[in-house]
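Just below sit the structures, each encoded as structure tokens.
You will see two complexes here that share subunit A, one where it goes with subunit B and one where it goes with subunit C.
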Partner chain A sequence: MARVDELAAPPLRGEVPLGAYRATLRRLWSVAKRNKLGTLGFVLVILILAVAVLSPVIKRYDENHQFQRPNPEFNPNANPLDIARNPNLGSPFILDRWQAPNWEHWLGTDQYGRDIYARIVVGARMAVIIGFGASLISVLSGTITGLISGYFGGRVDFFLQRVVDGVQAFPPLVLLLLLVSVLEEPNLTLTVVALGFLGWAYSTRVMRSVVLSVSASTFVEAARAAGAGPLRIMFRHVLPNVFATMVVIFSISIGIYILAEAGLSFLGLGPADQTTWGKMVNTGRNQLDSHPWEALFSGLAITLAVLAFNLAGDALRDELDPRLRGRT
Partner chain B sequence: MTAYIVRRLLMNFVVLWVVVSVVFVTTNMLPGDFALRQVATNLELQDYSQALQEARRILGLDKPLWQRYLDFIGGLVTLDLGRSYETHRSTWAELGDRLPSTLELGGMILIFTFLISIPVGIISAIKQNTWVDFLLRGFAIFNVATPAFVIAVLLTLLVLKLDLFRIDVVGRPHFWTDPEAALKLYIIPGLAGGLTSGAGIMRLLRSQMLEVMRNDYVRTAFAKGLGENTVWLRHALKNAMLPVLTVMGFSIAGIVSGQIILENMFNIDGIGRFLYTRLILRDLPPFQGTVVIIAFVVVTVNLLVDIAYAWLDPRIRYAD
Partner chain C sequence: MAESNYWQRWAKNRLSRRRFLATAATAGAGALAYTMVGCRESRPSATPAAQETPTGPTRGGIVRTVLLGGNVFDSVDVHRAFGDPTSWLSNYVLNKIVRYKNPDTGEIEGDLAERWEIIDGANYVFHIRQNVFWQDTPITGGRQLTADDIRWHIERQREGKLSDGSQASFRHQSFYQQVVRVETPDQFTVRVTLQQPRGTFLDRLANYFSTVPNREAMERFEKNHTVITEEAMPATGAFILRRWRSGEEIKAERNPKYFRQGRPYVDGWIYPTGLFEDPNAWRIAFEQKQVDYFYSSDPNLPKSIIESHPGQMYEVLTGVANTVFMHLNMNQQFKDVRLVKALHTAFDRRAVIQAFHQGLAQVSGPVPWLQEGFAIPPAELANLDGYRTNRDEDIRTARQLWQAAGGPALGEINIKVPDTWLAVWPDTVQIIPNMLNQALGVNQFRSTRTSYNEEIIPNLFNGQFPNWFGWTSQVTGPDPRETLFSVFHPRGSQNFQKVNNPELTSLLEAAIQETDYQRAVDIVRRIQRILIDNGQYGNVVLYNYILRTAVWNYFRGAIKKPPSPGEPALGYNIFSGHLAADEMWLNPNDPTFQGRANISL
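Up next is the complex of A and B:
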């Protein structure tokens, strides 16, 4: 029962009554209890985001610093002839490389003596930037073309859909390799844009079908009858009704972009000046037999991040737009 | 049905034209060209710019862009995919050399995909919400989230640590020349690729099976006294396989196009690795030709899958 004063004075626009927050929390709690896997995903996502944001604080060492240790073989009195015979005699320090995990280097060091823990933490930031950036680009561009394609139909739709088919007929990795090769040294921006373009085809396709069904509804017809122009209908009437789908596509594809970027980096065509997990797996696998730590931990990091974003994305899809089940 | 197929075929030509144009434009946007690399590696040259011009003239890179585009399309129409700048052999010959390796790896991947994903999907559905189901679903989710190359690294580590066999492959063994060496070469990338491409199928098959089991005809089957296994395999599995087939179609198309990462990782001289090296060398004609061939295979397989779909399930006769 609503109290009398509430009936008399409805809350002002933009002002949310306190009870609404509690109701939202209660609803979230019930969803969380029902979907345990999704909850795990969200907890992991928050963890990864925290690591990514806090990486400069928690990385402990510079990720590019090459650790050295005193050279046991160093002989200050060695003459040039001995040094030529055994170069180890000449330098007082050598690289502290291939350390197994220990208290100083929590996850060990790589072949250049760099701290693996620091590199994993910095890599988390890259994964998050790439996943979110590419997903955002693909959803926004896909929504625009999906709106145009679905709303106008006809020739525009036909041509746009054939372009989408064309992009999807490429083996994804080949197109990706081609796009990032446009610069001599691919940078972070190019990588994100190329990944986003690849996702554009998929999000256009999904957005188009959702726009098609919304455009057929009576309220769109009513708006048209009332004399609203196509732009107004698209942005004021159709867009708000496909927003949930946009959120679902956005969240569900983050993991896929992280995977794709890992593959790109593994092939040596990832962002050139950044530390990424894919690169770490690639350098780490050279000493797999004797020093597996780098490949193992960076591979695990990829799996964990993709797993987290996948679980969270699936949960969001089931709550917001179950129609997309099986299409993603 | 015939009209549908004809319309789809015409559409596929438009799609292929899009692919041809995209690949032509992007490859010509790449920095540096083959002539540049050729000249740069020749240290005895006196006059670089003249040598560069000469090299470009020989390769036909001095012609204007529109003319090369028309030449490229004209070649495709007559099924001429051009010649490699590096080896001067035709793209068809180069692809023919590499197709066996790609098919061997692809076949291996496909076998593992089937062998692992279908039993896992079925068992997971039958044992719904038991610990077996949770374990298998966890396994599937892990494989979805792990890149094939990481799985390959883990498997390699396993083989090394347990000393299962020595990975000491020399040359390019095939299953018909040296089966033992070929098995050693292909088993790890095959399993890794199979696990990755099967992961989605496991989850899809499980949910499809559970969906089908809710139908009336399944209840009828139980009611007339059929055994548990018969109902699951004869009634449920058959109907649950349709969407799985579509996904399989996609993976087959992907397998033919070669596994760039796995082939590079294990030094398998297949189509994926060929594409990668052509791109790095800026050896454009074979790269462009191969991409067009792959796109052709992909759109054709998709069309076949759609036709098979309409044929298997008479309720679907696409109006669109």
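Up next is the complex of A and C:
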């Protein structure tokens, strides 16, 4: 029953009543209590997004700056034999390489004397751009083709699904390596597009099946009987009903794309001129036994990011799917 | 119904995705903790020192190791092979007319020729040994090597023709075209006449690619010279090839008729497949004593292995013959020589040495320091543009030149990096442009990936090659004059930058003809100063790094300076396979020999 003050002062147009906020918060709190892992995932995702957005402010140092210190041993007359005996003789400064974590460099430095913390932070930005970008491309393109394929059926469906079969017949990593190595210089845009294309087939398949189910609903039949055209039915009636699936695919795919990019960068086929976590793992792995910091922290960042997006996506699916809601 | 067994209960509970993720998170944290516990700084250890054996080299045993820097052979014909591996291999099997006694200083001794006379810079007489025999095969019949073999060796390369008179590509034809006449007044004397005096003639004959192959075998395999077989390379040298097939282990055994008495020391050697291409497999094989030494582009790797086997291994340091360059295309973006001089000066060689090689390298002038007789000494180099120890001075000069020549108007500049380099140092595409941008105070430079085979080599002759940073030419011998002539003389076969400086041209011509060593050195140093004044015309030599090799104490080879307590051994910087063939030996009395894999041919 409505309270007196609410009756006396109806909300203005566009203004959300305070009670609605409270209700939403209460619902979120209830979901958070019910799905603790999902909540952890969301907290981590928010943290990663915050780090990515704020990276220029919080990175402390330029991620490419090579820290160095004067070299008291420098001998400008040193010949190659002297340098072979003592490599420190040949330069007026020494790079601060392979520093263990300390107050100046929170996560230590890499083999080029660069701050690992700054590089992890900048890498977060790359991971988010790649994860969100590729996921967006794959979900949007998959939704459009899934919508067309599922709604029209017949020859259109047959043709589109054979193309999807063709793409899915290739092992994903092989296809990815092929795309990235055959096209041109592996830059950031190319990597995002290649990853997005790889996910297109999966998104199409899932969206098609949902569209098939929704298209058979009575409200779609009713719209058709009322004289609505295919475009109107698809975008006004079908699309809103498959939106929840789109959101779930989008959120779960982000972690997968972050992992795929790390794999590409590890193989030297990622965006070469960018600082990415995969490239850091690749660079750091050679010193894993003596100077593990770079490989360790970048590997940990990848693990956390993938875990966070998976947990969050999983929770989102549970909440958006009425059959799973409340079963956690 | 009673509760079923454990596996049925487990299957009934089913592993949900959520549970899997939670488990994965726990496992990940556990693995992290385990790794953290396992982390350690590299341990200091006693300086490894190999023990000298008072008795000297021991005969016998089979060496198994990566003797050559690669095993992709493009031909069995040393005259026609354009890749180096065939030439490298031939140094263990064949001989040259003369050879380097010390490859780094260029001191020459007789090989097939036991002595020689220089009549003047254009006339040479070689007296061939009378105790050299070809390996006894159905093709050679084990006949004696004579002056006619030497004449054929020179004339075939000069003419560039096969035995049926057809033309073919011979790698060194342009060098032998200076030979006017080859005469054989008797069975063991060869008289060579050149068009004009050539101070580098003997040096080129001593180079690793100047081995003398067997005429009958070459003619037998002329039509299918790309099919790799041991039959095509009958030996005169230290070893006989027992097995030489594409993609397989190479096996060689001692040549009993080798003319150098008492050599080689070992009974044979095996070049294993796959190890050179897979450093991890090579490292493991080395630590298990399946191969006798190990090197890596990462100097820390051999070092850490040596430190983890205190007293059992020694360290050998050698300069790497593949010089590191920055090439700037003067036909396209950098037509104004001030621009290349600005970049030549701005490039911080010592910083890059620090970054990529942990200091284990030495800056090189236009003549790399490996060619120690001709290179500008380090102390003098440190006062020249681009090499100054006062970096601020170089940066000031570079910025002035860049601004004066309109560098900022060039827009984006891409200094590409070959994929082979990026495989080892993937961060180069960030480090090099960052360094140049900072030095010149601009934001113009970037780096992307390129490929030697796809973009650089095919475009060298048409002048369309990209700007690039990475390994380039190999230092093949101690004398740089032929290379300098080839790269900077208007008639030079590798003058891709179309350099035409009259003063430089006349000096190059004088250098190439000079037979007096000291005068040649003086001319070459003048040439280098002109090159530095002109930014090396875009062929910016940067540095040569030093390779660290870990060697088991029981293995000894041809090294310049043996190891001593607290001191590493020094190897030759320039290819010395002919010396390794003669000098390598195994010491079965060394304690480390115990546990070595039983290796037989």
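Following the convention adopted for this analysis, the second predicted complex is superposed on the first by the 287 of 328 C-alpha atoms of A that agree within 3 Å, B and C clash if a C-alpha of one lies under 4 Å from a C-alpha of the other, contacts with A are read in each partner's own complex, and residues count from 1 in each chain.
Throughout what follows, a residue touches a chain if its C-beta (ideal position, glycine included) is under 8 Å from a C-beta of that chain, and two chains touch if they have at least 3 such contacts.
Owing to the predicted nature of the structure, the values given are computational and were not obtained by experimental measurement.
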(message) Which partner chains sit in contact with A:Asn64 here, subunit B, subunit C, both or neither? Use first/second/both/neither.
(response) second
(request) Have a look at where A:Trp106 lands relative to subunit B and subunit C in the superposition and call it first, second, both or neither. (result) neither
(message) Applying the document's definition of touch, where does A:Phe170 land relative to subunit B and subunit C: first, second, both, or neither?
(response) first
(message) Which partner chains sit in contact with A:Phe152 here, subunit B, subunit C, both or neither? Use first/second/both/neither.
(response) neither
(message) Let me test your reading of the model: by the given contact rule, A:Leu307 touches which partner, first (subunit B), second (subunit C), both or neither?
(response) both
(request) Quick one: classify A:Phe42 as touching subunit B (first), subunit C (second), both or neither. (result) neither
(message) With both complexes overlaid on chain A, does A:Phe197 touch subunit B (first), subunit C (second), both or neither?
(response) neither
(request) Would you sort A:Val281 into first (subunit B), second (subunit C), both or neither based on which partner it touches? (result) first
(request) Kindly list the residues of subunit A that each of subunit B and subunit C touches, one partner per complex. (result) 289, 292, 296, 303, 307, 310-311
(request) Please name which positions on subunit A make contact with subunit C in the complex. (result) 37, 64, 66, 68, 74, 76-81, 83-85, 87-95, 97, 100, 111-113, 185-187, 268, 272-273, 275, 279, 282-283, 286-287, 289-292, 296, 300, 303, 307, 310-311, 314, 328
(request) Using the touch rule from the top, collect the residues of subunit C that touch subunit A in their complex. (result) 17-18, 21-22, 24-25, 28, 32, 35-36, 39-42, 298-301, 304, 317, 319, 350-351, 353-355, 357-363, 369, 377-379, 382, 389, 391, 419, 422-423, 426-427, 429-431, 433-434, 446-449, 546, 567-568, 570
(message) Taking the touch rule as given, give the residues of subunit A at its contact with subunit B in the complex, in rising order.
(response) 162-163, 165-171, 173-174, 177-179, 181-184, 255, 259, 262-263, 266-267, 278, 281, 284-285, 288-289, 292, 295-296, 299, 302-304, 306-307, 310-311, 326
(request) Name, in rising order, each residue of subunit B that touches subunit A in their complex. (result) 11, 14-19, 22-23, 26-27, 29-32, 141-142, 144-147, 149-150, 153-154, 156-157, 160, 204, 207, 243, 254, 257-258, 260-261, 264-265, 275-276, 279, 291, 294-295, 298-299
